[in-house]
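Just below sit the structures, each encoded as structure tokens.
You will see chain A twice below: alongside chain B first, and alongside chain C after that.
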Partner chain A sequence: MTTTLTFALMDAPFEASRTATVLRLIDDAIDKGCNINVFAYEGAVYLPFALQAPHANAVHGRDIDEEDHPLPREWIAALMEKAKRWDVAFDWVNCGLCVDERGASEAIEGVRRGSPADFWTMATSSENTLVVGTN
Partner chain B sequence: MKALNIISLGYRATLEEQDDTIVWLTHAMRGAGADIDILLRGSAVNYVVKGQAVSPLAIGGREQKHAPDVYGQIETLSEKGARIYVLAEDLKQRGLKQAPRLDATRIVSDDDLPELLGGYDAVWHW
Partner chain C sequence: MKNYLIVETRDLLETRDTEWTGVLTCKLARNKAEATVFLTENGVLAARAAYDATMLRQCLKKGVRVFADSFALEERGIALCDLAKGVEVADIGLVTDRMIKGATVLWR
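What follows is the complex of A and B.
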């Protein structure tokens, strides 16, 4: 039987290393053939924001290509692609009201709009759920 | 499935959101049929203390008309059937042991937590 795991995230991108840790956990879970659900709440709806852009970094003395600035939307897209290759489900739901208040509607392909009810549905259909709140 | 939301950071984001984000989430999920209770610890134990209020606020002439009412949020959540647990040690640490509080509050101690948490299928510490 395929294991399904749900993750609820709350941190906005770039401000917390917790998010990178969770994305690594998801990466490992896909390696193990798990189906993945993600409920992005509050600032986390900006994680798959399509307009995230890399930049050069004069302090580092690197141009835009050398800097290769990491973007959460690229990591998420990569996880979605990996899930396809592994033939496991990957469902990313952005909290719709959180999207509206932040103007974060331009998400990458594969992200869908939802509500807390989706989180409950995800949790009840999963073997386990990990929530990572903002601290 | 029965879940417990643990809230430890009191008044997180309440100014802009006009409520506690996880109490709001619990309201919304219960509205969708979820069976979820609340455990307040840390600074969030103050949510059940009676008599709290937020004064009107204006920034640069932009008035905040609907101030957060976390006590009211918790009260209505309990009226909807959610159990509201509060950690005794954290009340005591903040001098709130004798403070007037929401009647529906269920006080638990650290020692009670293993049995309490064991009664839930999911425990989510936000």
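What follows is the complex of A and C.
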């Protein structure tokens, strides 16, 4: 039986190490053949925001290519692609109210809008759930 | 036996609340639960021997296994030879494995 794991995230992108740490964790779970649910709450709805853009770094004298600015939306898209290759499910739900508050409706493909009720459904249909709150 | 994994991400010197991680973990161990601490992000700073972290000493004394995230250690330039006695090294996969096995994972 395939294990399903649910993750609830709250941190906005470019703010905390937690974003990268949790995405590393999800990456490892895909490697281990787990189905993945993610419920993005509050600032985390900006993680898959489609308009995130890389930039150059004039202070360090690097152009846009040299800077190679990491974008969470690209990491998430890569995880979704990897899940497809591994033939495991990957469901990312953005909290709709949090999206509306922040005007963050332009998410990358594969992200769906939901509510905390979706988190309940995800958690109760998973083998385990990890809540990563803001500190 | 109930299995708990407490993930500590914060530097012990910056956040006094991290002491609670030690208190909770030791109490769980005392109550016959299997409790493990996984240090990641700035939490690994406490894994250095020179840090002499009270929280870690208490956990190790109670037989709690303490792991430090290899990625976070490398990011911060902490060599394995600098780790406190008793601290083990693992990658983030330890958290996934525990989740798959049904452990209760608490993220701090």
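Here is the rule we go by: the second predicted complex is superposed on the first by the 135 of 135 C-alpha atoms of A that agree within 3 Å, B and C clash if a C-alpha of one lies under 4 Å from a C-alpha of the other, contacts with A are read in each partner's own complex, and residues count from 1 in each chain.
In the analysis below, a residue touches a chain if its C-beta (ideal position, glycine included) is under 8 Å from a C-beta of that chain, and two chains touch if they have at least 3 such contacts.
A quick note: this is a predicted structure, and the numbers were derived from the prediction, not measured.
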Inset, instruction - Label the relationship between chain B and chain C on chain A in the superposed model as either fit or clash. - result: fit
Inset, instruction - Go through the superposed model and pick first if A:124 touches only chain B, second if only chain C, both, or neither. - result: first
Inset, instruction - Give one of first, second, both or neither to describe whether A:18 is in contact with chain B, with chain C, with both, or with none. - result: second
Legend entry - Which superposed partner A:116 touches (first chain B, second chain C, both, neither): first
Inset, instruction - Angle at the Cα centre of chain A spanned by the Cα centres of chain C and chain B: state it in steps of 10 degrees. - result: 60
Inset, instruction - Quick one: classify A:28 as touching chain B (first), chain C (second), both or neither. - result: second
Inset, instruction - Quick one: classify A:105 as touching chain B (first), chain C (second), both or neither. - result: neither
Legend entry - First (chain B), second (chain C), both or neither touched by A:41: first
Inset, instruction - Would you check which partner chain A:2 touches, where first means chain B only, second means chain C only, and both and neither mean what they say? - result: neither
Inset, instruction - Between chain B and chain C, report the minimum C-alpha distance in the superposition, expressed in whole angstrom. - result: 6
Inset, instruction - Using the superposition described at the top, list the residues of chain A that contact chain B and also contact chain C. - result: 131, 133, 135
Legend entry - For the chain A and chain B complex, residues of the former touching the latter: 8, 10, 41-42, 115-117, 119-120, 123-124, 129, 131, 133-135
Legend entry - chain B to chain A touching residues, read off their complex: 1, 3, 9, 12-13, 21-22, 25, 28-29, 31-34, 122, 124-126
Legend entry - In the complex with chain C, residue positions of chain A that touch it: 3, 5, 17-18, 21, 24-25, 28-29, 32, 34, 127-128, 130-133, 135
Legend entry - Interface residues, chain C side, partner chain A - complex: 9-10, 15, 40-42, 71, 91-93, 95-97, 99-100, 102-103, 105, 107-108
